[in-house]
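Okay, got some structures for you below.
Shared between the two complexes below is chain A, which pairs with chain B and chain C, respectively.
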Partner chain A sequence: MDQIISNIGLLFEFPVVNLKILIDGIMIGALFALAAYGLALVWGVMNVKNLAQGDFVIAGGYVAWSLTNIGIHPFLGIPAAFIVMWGIGWITYKLVIKRVIERDLFTSLLATFGLAIMFAQIMNLMFGSDTQSIDLGYDTLHFGPGGFVDVPISKLIGVIVALSLAFGVIIFMKRSRMGQAIRATAQDARAARVLGIDTDKVYAFTFSLNSAICGAAGAIIVMAWVIQPFYGITYSIRAFVIVTAAGLGNLPGVIAAGLGIGAMEQYGAHIFGIGYQQAIAVLLLLIVLFFRLLQQRRKRQVLQ
Partner chain B sequence: MGTLKKFGISLLATGALFASAPAAMAEDCDTITLGAAISLTGKYATNGVHAKNGYEYAIQKIKDAGGVKVADKCYNFSTIYYDDESKGDRGATLAERLINQDGVQYMLGPYSSGLTKAIAPVTEQYKIPMVEAEGASRSLFNKGYKYLFAVLSTSEQYLASAITLAAEMAEKEGKDPKSVKVAIAVENDPFSLDIRAGVQEDAKKYGMKIVLDEKLPRDLSDMSAILTKVKLLKPDVLIVSGHSKGAATAVRQIGEQNIDVPMIAVTHCEAADVVGNFGKAANGILCSTQWAETLSYEDDLFGTAAEYEAGFKEAFPEYTNKTVPYQVAQASAAVYVFKDAFERAGTLDKEMVRDAISATDMKTFYGDIRFSEAGNNIAKPMVLRQIQDGKYNVVAPSKFASHKLEWPREAE
Partner chain C sequence: MAILRPVFYLALLALIIAAPFIFPDFRTQLATLWVFIILSMTWDMTGGQMGYNSLGNILFFGAGMYIAAVVTIALAYDVGEYTNAFGGGTYKFTTTQYFLGMGLGLVFAGLLSAAIAWLMGYLLFQFRGPYFAIGTLGAAIAAGELVSNWEWVGGGQGIALPVYPGDFDVGKLFFYYLFAATGVILFIFLRWLYGTRFAGAINAIRDDEEKAEAMGLHTLRYKQVTWAISAFFVGIVGGISGFQNIHFEPLETAFQTINLGIFMVVCVLLGGKGTLWGPIIGAILFHVIKEVTWNYLLGWQWVALGALIVITVVYFQDGLMGWLARVKPEWFGERVQKKPDLIAEPAE
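Our next item is the complex of A and B:
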């Protein structure tokens, strides 16, 4: 308790800490947002809640890490992870997801949960259980009083790439023919089929796109943070919290929620201790669900 | 002698591993079967494989040296391994299976304190002597176990010596050790909490103030929140322990955030390969280790610590460009303890063997081995190495130190 009070005291004693916490939070939040973004797509379009989301992220990280090991520049790892994970996503769709789309919620949850375990274990066998990361060897920018706020350039680059990718997908969804087809399928799959949209193709594309986005996120994470075969779950949880908070089909909302959760977690970690960082995310999920429920109840009452 | 079984298959497997090794005369020896549940998959897989390789190297080495001589007969060790998937309940089940179905009478330990804790009640129940090399938690040695022996130093000693070192440095500066501020960030698991307890105990002894005491989550990938506080509180010593992920995350972010603490002590530096991964950021960091190949220990079987390392690398070429981790060395030491105990017991009776293990007093390449009543090794000190220009140099305890401590640590 004393420590919590003194931690809060630090926030007021050194106001610059707030800035630092916000920046740290927004940087990690951008990556959460990216993973959540793919989840929102798959959830909204196919109504599949993909529990293997985080494992796709980690897999993308390992793609980039393996390429760096054979001497390819880490930046090329991002598109490479995007492409490789696109392929893996497509195969996963054809082998597993396709068979569970029409089934009830639990079948798809179980199937993707199984996928998550399998992915983690396969990565463990292939790459070993050690923590890995790529050190770009870039400097850290310092500013604020006494250079207190530090922004590693590698993280900055990562966040910029993540955000441009996110906006790229938004534009793609709005402008391109495939994006239109995806949105049409999401609104009403049957009507879309009637109007000549090959929904199976749309599903395959959506799932592959999701997996590719996750892969790119992983490639960024391995450059700026660390990965380990069993870290997938942390990204899955965040993705679920964010999508639940932002709602489906609200892609800009997902980005905002991602950044917000990143920042809140950092505050939580500062005040309550880093051991509770993930607890903050889950607590937020509970609060969001609670308010959603209240909202719905109100609506239902109005309808009656 | 129902305990003797020939396991041609496992012998063949061992043989295949060492296809290049000369066929020894020990070929006609009988076999003593050891059992081990070890993590070959799951989160401890890396270190589980290290331990297994250490066991196998020692077994082969003993075979090459003519086997184990028990009352004029010669024996070779052979081990049945099962994969415990890094899970405690699985480990306990496998231990039962080894004892009940495979008839194993002597056990080698699993990897990690958690797994050892899960298996020890089983071996205790069946009165099976177990020599373990990878479970350091001190909670293993206050349960009154009679059949559990550990060759390594217990975990509360891991970083406690850093506190002593910090006190020495403060005195050298003409300051009171009481003025030293300590920051602790350890994972919330039995092993790391022991480390914390050891550090706290020693800090209390010197009257030092603990300004930060945080627990790291299991899936740590970002500790900037802690490091921000470290920047504000300006401690003199920073202690971090969270297995290889803790070491990797800490060293990476200490470099990025330019953390300027005079002394930083971390566990699992080697496992996380902090020098290879983060280069200059790792300089000046103190790493605790059970063993280092530069120490001046030696024995008749493996030679000096350095010779052990060279021999092991020859047998397992995949370690060629790496430092052999201490997890390997201590696993070999555990097998060596068995050999020594069997020879002194002069029988395969497990009770006699247990008493012989308990009376062990040997000097090995890994350090001295002498067990307390509780079964932990009390003869070997913990070693601190400092990363100096990318090299791990022993700086404490001073008796075995090859280099001087660079203090205070300079942030880049």
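Our next item is the complex of A and C:
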């Protein structure tokens, strides 16, 4: 308890600590937002709640990591992870997801949970259970009083790539034919089918796009942070927190919520200690759920 | 039929009592099988009968484990000091202390778990469908993480309980019969419960909650009570498991969300949701498959289990009982009219 109070005191005594925490949080939050964006897409279009989201992220990280090991530049790992995870997402869709779209949501939740266990274990068998990361060998920028705030260039690059990818996807959804078809299917799948849209193709495309986005996010994460086969579930939970907080089909909201959750998690880790970081991510989910519940209550509705 | 039924149950009881002597090498596995059976049956109370699919029932398992252990230790020593020493040599338990602690601990584990379920149910049962599943999953993971940071109960290292004060093999038998007794009591209780108006009410909640409420059922109270009853048994099983494991730690043993927490759901789906026998059959099937894969697919066992979950959920969700009910409806008391031969099936 004393520890917590002194940690909070530190925040007021040295305001620059706040800046450091905020920057750290926003940088990791940008990656959370990317994974959450894919989830919002799949959830909104196909009504599938994908609990294997985080494992796609980690899998993308391992794609980039293994390419670096055979001597390919890490930046090429991002498009490579995008493409490889696109393929894995497509196979997953054809084998499993296709059969759960029409079913109730609990089915998709459990089926993707099974997938998450499989993915995590296969990665564990292939790459071992050590934490891995790619060292880009870039410098760290220092600024603020006494150079207290440090921003590694690799993280900065990662965030920029993540944001440009997110905007690329937003423009794609707005402008392209396929993006239009996806949005039409999300609004009313039956009407879209009547109007000649091949919804099965749209679903396959959406799910593959989601897993590709996650893969790219993972390739960025492995450059600036660390990955491990069993880290997936925490990314899944964060994606759920963000999407539940922002609501479906609200892209700026997803990005804002992602950055906010990144920052809140860093604050929580600073105040309560690093051991509570996982717990904070999960407790945020419950808080967001109850907050949404209170909102619905006012309209005499339930969250369903 | 009327005479066959008691004979069947008596034979089953005899088998339960004789099982550890018929398979003396598998006593620990048989005890674990009972854990699966009990957890599946309790999960089915909310998941199958009431339509609320919880992914966080493991929370009560872990809570029961910790409560029973803390009560046992607190009767003899200071808990903080004990967990600090981590079962070091100076702490001895007499036989009386052990059994008194276990008895009291299990009672507390059951009652407090039920109380936790009641309180949490007040909040969590406001959610419907997948949000309930996600919310309970979150609660279970959060509980595990919080307990693993709680130094008073041993933090991430967990608690080392005293060893069974007696012969090692007798201890194995003792835990088997403790689990079996809990399971048999639970079965008798559920068999009675599913015939009462209470079961009618929770089935009504599953079928249409709005209508059930309009019919004057206090749905929230029914949901809370059902979850509390199921948590009572889960807490007791968790407590017994703590004593059986001797040493347990928070994330892998007590709040093992992605292992046992999901397995119980899969057991129920495998056997058939919303039936009395489905969870039991499913648990036996799942346990056998799990043990076989553990033995013969070393390293790939988790992949095989994940695949089993996916296949069960995607292709075989009605489970064994659901499938039987479709193929042989007359076995389930539904009157089937034999098609008169005169009216031929229209050719396709």
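Annotations for the structure displayed:
Keep this in mind: the second predicted complex is superposed on the first by the 299 of 304 C-alpha atoms of A that agree within 3 Å, B and C clash if a C-alpha of one lies under 4 Å from a C-alpha of the other, contacts with A are read in each partner's own complex, and residues count from 1 in each chain.
Everything below uses one rule, namely that a residue touches a chain if its C-beta (ideal position, glycine included) is under 8 Å from a C-beta of that chain, and two chains touch if they have at least 3 such contacts.
From a predicted model like this one, the values you see are computed outputs, not experimental measurements.
Looking at the shared chain after the overlay, A:200 reaches neither chain B nor chain C. By the touch criterion defined above, A:10 reaches chain B but does not reach chain C.
In the superposed pair of complexes, A:113 makes contact with chain C only, with no contact to chain B.
In the superposition on chain A, contact of A:266 is made with chain B only, not with chain C. In the overlay built on the shared chain, the residue A:275 is in contact with chain B and with chain C.
Once the two complexes are laid over each other on the shared chain, residue contacts for A:121 go to chain B and to chain C alike.
Once chain A of one complex is fitted onto chain A of the other, the partner contacts of A:21 are limited to chain B, with no touch recorded for chain C.
In the superposition on chain A, A:293 contacts chain C only, with no contact to chain B.
According to the touch criterion, the shared surface of chain A, contacted by chain B in one complex and chain C in the other, consists of residues 121, 124-125, 233, 273, 275, 278. Of all residues in chain C, those touching chain A in their complex are 53, 55, 123, 126-131, 133-135, 138-139, 141-142, 145-146, 148-149, 156, 258, 262, 265-266, 269, 299-300, 302-303, 305-310, 313-315, 317.
Every residue of chain A that touches chain C in the complex is listed here, in rising order: 49, 96, 99-100, 103-107, 109-111, 113-122, 124-125, 233, 237, 240, 244, 273, 275-276, 278-279, 282-283, 285-286, 289-290, 293, 302-304. Interface residues of chain A, counted against chain B in their complex, comprise 3, 7, 10, 14, 17, 20-21, 24, 28, 121, 124-125, 128-133, 135, 137, 140, 142, 147-148, 150, 152, 155, 221, 225-228, 230-231, 233-234, 266, 269-270, 273-275, 277-278. By the touch criterion given at the top, residues 41-46, 185, 188, 213-217, 219-226, 228-229, 231-232, 244-245, 248-249, 252, 256-258, 271-273, 277-279, 281 of chain B touch chain A in their complex.
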